[in-house]
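I've put the structures underneath this note.
Paired with chain B in one complex and with chain C in the other, chain A is shared by the two complexes that follow.
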Partner chain A sequence: MKEELVAALVKLERDEVLGMVTQRIEAGEDPLGILEDCRQGMTAVGDLLQQGDYFLAELLLSAEIFKGAVAILQPHLAKSHSSQLRAKVVLATLKGDIHDLGKNILATLLQAQGFEVHDLGVDVPPPLVLEKVKEIRPEFVGFSALITTAFASMKEAADLLQQAGLRNGLKLMIGGGVTTPIVKDYVGADFQTLDAMEGVNYCLNVVGGR
Partner chain B sequence: MKTKQYHVEFEPIGRRGECPSDESLLEAAHRLGIELVSLCGGRGTCHRCKIQVLSGKASSPTASEQEHLTPEELANGYRLACQAYPLGDCTVHVPAESLTAPQRTQVEGQQVKVTPNPPVRAYNIEMSPPSLSDLRADAERMVQALNQQRGVSCRSVDTEVLRGLSPLLRSWDWKAQLSVRGAEVVAVLPPASAQLGLAIDLGTTKIAGYLVDLGSGETLAAQGIMNPQISYGEDVIARLSRVSRSPSGDTGAQKLVVEAIDRLAADLCAMIEARPENIVEAVVVGNTAMHHLLLRLPVDQLGRSPFVPAVSGPMDTKVRDVGLHLAPGAYLHTPPNIAGFVGGDHVAMLLATDMPRRNGLVLALDIGTNTEVALVRNGEIASVSCASGPAFEGAHIKDGMRAAPGAIERLRLVDNSIEYQTIGGQPPVGLCGSGILDAMAQLYLAGVLDKSGRLGDHPRVRSRAGQREFVLVSEEERDGRPAICITQGDIRELQLAKGAIRTGINVLLESTGCSEQDIEEVVIAGAFGSYIDVSSAVTVGMLPPLPLDRFHQVGNAAGTGARLVLTSMGKRSEAQAMARRIQYIELTTAPQFHDTFIKATQIG
Partner chain C sequence: MAQESMTTNERLWAAIRLEQPDRVPVVPLVTAEPAAHLAGMTLAEVAGSNQKAIEAYRKVLSKFGGWDSMHGGPITPLQQQVTNIYPMKMRIPGRDLPDGYMFQLVEEEFMKPEDYDRICEMGIDAFYYEDYLWRITDLTPDDVQREVTNVLTMWPEFDAELKKYDMRPLILASDFHPFFRLSLMRSMVAFTQDLYYNPEPVERTIKQITKELIPKNIAIAKGSGIDTCLFTDERASAFYYPLAVFERFWWPYTEEIVDAFWSEGIVTVFHLDTCWDKNLPYFKRLPRGSAVVGLDSTTDIFLAKQVLRDHLCIHGDVPASLLSLGKPEEVEAYCKRLIDEVGAGGGLILGTGCATPPDCKPENFRAMIETGKNYG
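Take a look at the complex of A and B:
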C-alpha cells in the first residue's frame, strides 16, 4: 500500500492518490502514517526536481494533489493527534526585488514536509520581517533574491534581527540566482543555496528529520 | 596595505600594462581594451572570464574558482580573471572562448517613407563685412542677415558657436550656412555644407548607428558596434548595480558609451567623407537604463523595485553636455520612455511599425534580455516587459554563445543525425539564440523532449556530471575537443525564457479580453527576432500557434524609429502622444501571473 501511494504521487496520478488515501482512512489506518507516505512522495518529487527530471508544472501539480490528500486527512488528524509540525519558517523576497519563483517552490516543498510556512510575499520591507519573527518566533527565516540590489535589504533585515536579539536560535537562509557564499558571509546568514531541495534538506537536517 | 604596480602581459593579443595589485585581472584586461567576457559583472558567478596565468604570481584561487575549475585546470594556472589579482609581474593567456567575439550587430531595418520635417534647418546667407560706418557685432550681423535674406528670426546663438564664430566668418569671406533649431543658431558651417543627423539605437549589448541627410531624410551610412559597457555586466541590473556600488563607476560607464558613439559617428562620417562637425542633431533611443546612464541620470532607484525612472518625458540636451563631439551647439533628443523596463526604443519600434495607425489586433515584440510586448487594438496600445533573461543571447546555456562566427544558428534533427549551419560557415563552437531555439523545437518534434521538458532517451542522450544532455556535435566530430551539447538544465532555462515571453503575450490578451486566434499580425523586431525560425518559436510555444504568414520579422525597427524621430518633427510629437497613451501593465502584479507563467513554461 505504502509504495503504491508514494509511486502514484510521484507519477502525479491525482485520482489514484486521493482514492488510495480515502480507502486507507476508511479502512481505519492511522492518518499520520498515510500523511507520512504522502510526504515521502513529495520528497521524491523534490528530488526529481533537483535532478532536472521534473520542473515547475510537475511541482505545482504534485503540490495540488498533496493539498487534496491533506484535506481528506485533516478531520481525522485532528481527532487522533494534535497536528505534528516540524518547525516554523518565515520566507520573504525583500525590498527592491519582486521575483518569487524560487521562494514559492521552497514554500511548497517545506509545507509538504510539515513545516509551517509564513510567506510574507515580495518587496517586503525588512522591519516587517522583524515584526513577524517577534510575533511567531520561527526556527527558520529565508530570503530569496534574483537581483543584486536586494543584498542590501537582506543585510538590513539580518542586522535588525541581530539588534533585536532574535538572531540566536533561528537559522537564516538565503537563496536565489544571484546569491553566493560571499553574499552569505556579507549578510551573516547560516545557509545559502541555488536549489530549493537543498534548502529543504538543510531545514530537515537542522530539525533532525531526514 | 599599500597598492603596488605590476607589469601584466595578456597573450596572444599582446596587450600589456601596469596593473595595481588591488585591480582584478578582469578589470585590468578591460582597462587595456581586451574584451574579456563577463556576464556577471565580476562577481565570480558566471565563470566565463577564464584565463590562464602562464608565469608570475597571482592571488590564491577563491572558493568560487575551486568549485568551478577542475583540479587540472587549477594546476595549470587557469583562473577566473575577476577573482585573480596580480602579486607580481605576470603573463596571462586569454583563451579565444573567453573573448567577446566580433559579433553580428544588426543595422538593417525597414525603410519607412516620411516627409522630412527636420528639427534643424540650414540657411545660406551672405553678410556685408564690418566697416567704420557699420560697427555691428558679428553675431548680430549674422542674425540680421538671416532675418533679412531668409525671413527667419533667431533669438539666440549657441555660446559654443559664438566662441568660434569671428575668425570663421572672416575666413569664409562673410558667407556661411547657419543651422537653425527653433529660434537658436546651433551651428555655423561653410556655405553648402552637408546637414547631417545621427540616429543611435543604444542597446544593452549592441549599438546601431545611422547617418542621415536631414534635408532629404535619406540614410547615408549605417554601422553596428558592441556596447563597451558590457564590461560593467551583461544585463541591465548587473550594470546598474555596479554603477550604483562604485562612486566613480557611473562616469566610467557613461564615458565608455560616449566614446563608442563618438567613434561610431566618426566612422560613419568617414564612409561618406563628411566630418562629425556636420552632425547638427542627434537622436538616441534605448531602454530606460541605457538612456539614464547616457544622460547621467540617477539609476539607483531604477535597479530596485518598484523600478521607477528619474524622468519619462522626451529630453533635449546639448550633445556636449553628455560629452559627445559633434557640431558643438547640436542637441541630443531622446524620445520618452514608458516605465523602468520599457524605454524609448520600444516607443521607436512602435512608431516605425506605425502601430498607432494599425487596424485590427496586432502583436509587436522586441525580443531580448528584456522582451517588450505590445498588443495593439485599433491603435490602442498596451505594453508589458517580460524578464526573458539572457538565455537566447547564449548566457546560462552550457554551450551557448552570442551570434558570432562559428555559432550554430540553424539546426535540424534528421533521423539520428544533426544537420546544422554556422555563422560564417566556420567550424562549430557553440549555439547562438536561433540555434538554441531550433534545438529545443527539433528535440520536441522528435519526441526526445516531452511536454514537461524532460529529456527522454535517444542514442544521442547521455549523462554527464549527473545531468542528462543531448549531443549535438560530438567529441569525435570536433577532433577531440569538448562536445557541443544541450543539457537538461539548458532546457529548463529555455523553458523559463520562452515561458516569460508567452506569459507576457497571454497577460496582454487576457487584460484586453482578446483571444489569440484574433491576432491578425505578429510583428517581431530586434536582432534575435530577425534571425529565428518562427516555426521553431511556435513549436516550443514561445509564440502563439497562428498561421506562419501572420508573422513578420522587421529587423531593427527601433533604429528605424530613431531615424524617423531624427528627421521629422511630426514623428517626434507622434512619439510623445503615443507614449502618453500606452497602457503599461506590470506583469508580476497581474492576476493569475504565477499560474499563467508555470503553464507557459510547458513546451508546445
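Take a look at the complex of A and C:
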C-alpha cells in the first residue's frame, strides 16, 4: 500500500491518492505513517523537478494532491505531529503586492517536508511580520513579490527585524518573478530565488538535510 | 548622440526586418503607472482619468525627450477590463487601494469548467460581454459603454502628443494567447488541473478562441495602419509547463496566428514573461522577420540571440529590479551589453524587461533612453 501511494502521488493520480488515503485511514492506520508516505511522494516529485523531468506545473499539481491528503488526515493527526516538525517558517506577500501563487506553492512544499508554516497572506504590513516573529520565533522568514513596489516593504520588514534584534536568529528568504541578487542585497536577505523547490532545498540544507 | 539618418519609424522597422538601423531603436514599455511616477503624479490619478494619464505622458515625453515608438498608453485599469485586455477582477488605487499602489489583478476561479463549452458555443467575445464580465466587475452596462467610448475618444489627443516627438504606437492590435487568457480566467491551479485531468475541453476552446482572434486583430491592425499585433503570454513557458504541454496547447495555435497575421503583412510582437529558454528553438520555425520576441529578463536574452540570430528581432530586456534599485551607470552598462551583443548585426529593439516598474528611478530611465540614443 505504501509504495502504491507514493507511486500514485508521483504520477499525479489525484483520485487514486485521495482514495488510498481515505481507505487507509478508515482501516485504522496511523495517520502519521500515511502522511509520511505522502511526503515521500512529494520528495520524489521534487527530485524529478530537479532532474528536469518534471516542471512547475507538476509540482503545483502534486502540492494540490498533498493538500487534499492532509485535509483528509488532519482530523486524525495527533498532537505528536508537531514534535516532528523540522522548523518554523513565516511567509508573506508584503504591503504593495497581492500576488501569492509562488508563496502558496512554497508553503505547501515546506509543509510536505515537515516545516511548520505560518502564512500571513498578502498585502501584509511589515510590522505584522515583526509581531509574528516575536510570537513564534521562526527559523525562517520568506517574502514573495511579483511587483517592484514590494521591495521597499521587504526592506522595511528586514530593518524592523534587525532593529528588534531578531534578524541574527533567522534566515531571511525572498522570491518571486521580479527578485534578483540586486534585490537580495537591497533587502539584506540571506537567500533569493525564482524557484520554489530551490527555496525548499535551501531550508532543508540550513536545518540539516533531508 | 549617434549619427541619425533614419526616422523613428524607419529605425524601428529596420530592426524588425533584421536590417541594420542607424542606431538601435529604443522602445520601453511605459504604461500609465510608471508614466505617473516619472511625472511626479500618483498612480491613483492615472488610474481614474485618461486626461491625467495623458498629462503624465506629456510630462514624461517633455522631461526625457521621447524615444522611437510608444509601447503603452493612457488607458485606465478599468478600461483594460472592459475592453477585454485583462479578463480579471481589479483592485484599483484610489478606489480599492491606497493612492500610491499599483493596480492589482485578483486571480480567482471566475470561469467554471462548464464555461469551456459555453465559450465554444457562444464565442469568446460574446461569452465575455454577455456573461463573464459581470462576474468580475461591479460596473453597469452603461459604465462599460462609457469607458469604451472614453478609450476611443481620448486616443487622438494622445496620438497628437506622440507626433510631436515623431513617435507612433508600437502596437494597437493586442491580444493574449488563448492559453494565457484561459489560465487567467480559470486561475492558474484550476487551469493546470484542466490541462492534465480533462484536456479536451481546453483544447476545443483554444481552437475556438484562435479562430476568433485572427480576423479581429487583423481588422484592428489594418484599420489602425500599424502593422503589428501584440501577443502576450506569461504562463506557457517551460518555467511552468513541460514541452509536451507547450507542443499540444500553445505552439500549433501560435504558428497558426503568426502565419495568418504575416500573410496580411502584420508582424506579431510577442510579450513573453517568465523563462522561455527551452522554448526558444520553436520560434525559429516562424517565417523570418514575422515576429518580434519580447523578453522580460528572466529568459536569457543572450541565448535568445544565439538561437534567433538573423531570424527574428528581439525586444528587451532591462530588468525591472535594475531600474528600481540600480544605479544609472549599471543601467548604462547593461544597455551597452545588450547593444553590443544582442544588437550585433541588427535585430534588437532596446526595451524594458516586461515593463518600466512603477517605482523606476528617473535617472535610471534616463540612462536607458540616453544609452540607446547615444551608444546604439
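Worth a mention:
Definition applied: the second predicted complex is superposed on the first by the 145 of 210 C-alpha atoms of A that agree within 3 Å, B and C clash if a C-alpha of one lies under 4 Å from a C-alpha of the other, contacts with A are read in each partner's own complex, and residues count from 1 in each chain.
What we mean here is this: contacts are C-beta pairs under 8 Å (C-beta built on N, C-alpha and C of every residue); 3 or more make two chains touch, one makes a residue touch a chain.
Given the structure is predicted, the values throughout are model-derived calculations rather than measurements.
With both structures placed on the common chain, the touch criterion links A:V178 to chain B and to chain C.
When both complexes are overlaid on chain A, the residue A:G28 reaches neither chain B nor chain C.
When the two complexes are overlaid on their common chain A, residue A:R14 makes contact with chain C while staying clear of chain B. Of the two partner chains, chain B and chain C are each touched by A:L60. When the two complexes are overlaid on their common chain A, residue A:Y186 makes contact with chain C while staying clear of chain B.
Residue contacts after overlaying the shared chain place A:G169 against neither chain B nor chain C. In the superposition on chain A, contact is made by A:Q51 with chain B only, not with chain C.
Put simply, chain A uses residues 54-58, 60, 96-99, 101, 147-149, 178, 180, 182 to touch chain B in one complex and chain C in the other. Chain A contributes residues 51-58, 60, 95-99, 101, 104, 122-123, 147-150, 178, 180-182 to its touches with chain B in the complex.
If you check the complex, the residues on chain A that touch chain C are 12, 14, 54-58, 60-61, 64, 96-99, 101, 147-149, 151-152, 177-180, 182-183, 186, 194. Residue ranges on chain B touching chain A, taken from their complex, read 43-45, 63-64, 237-238, 240-241, 244, 303-306, 387, 452-454, 466-468, 488-489, 492, 495, 588, 594-595, 597-599, 601-602. By the touch criterion given at the top, residues 91, 100-102, 104, 106-107, 188-189, 192-193, 195-197, 238-242, 245, 273-275, 298, 319-326, 357-359 of chain C touch chain A in their complex.
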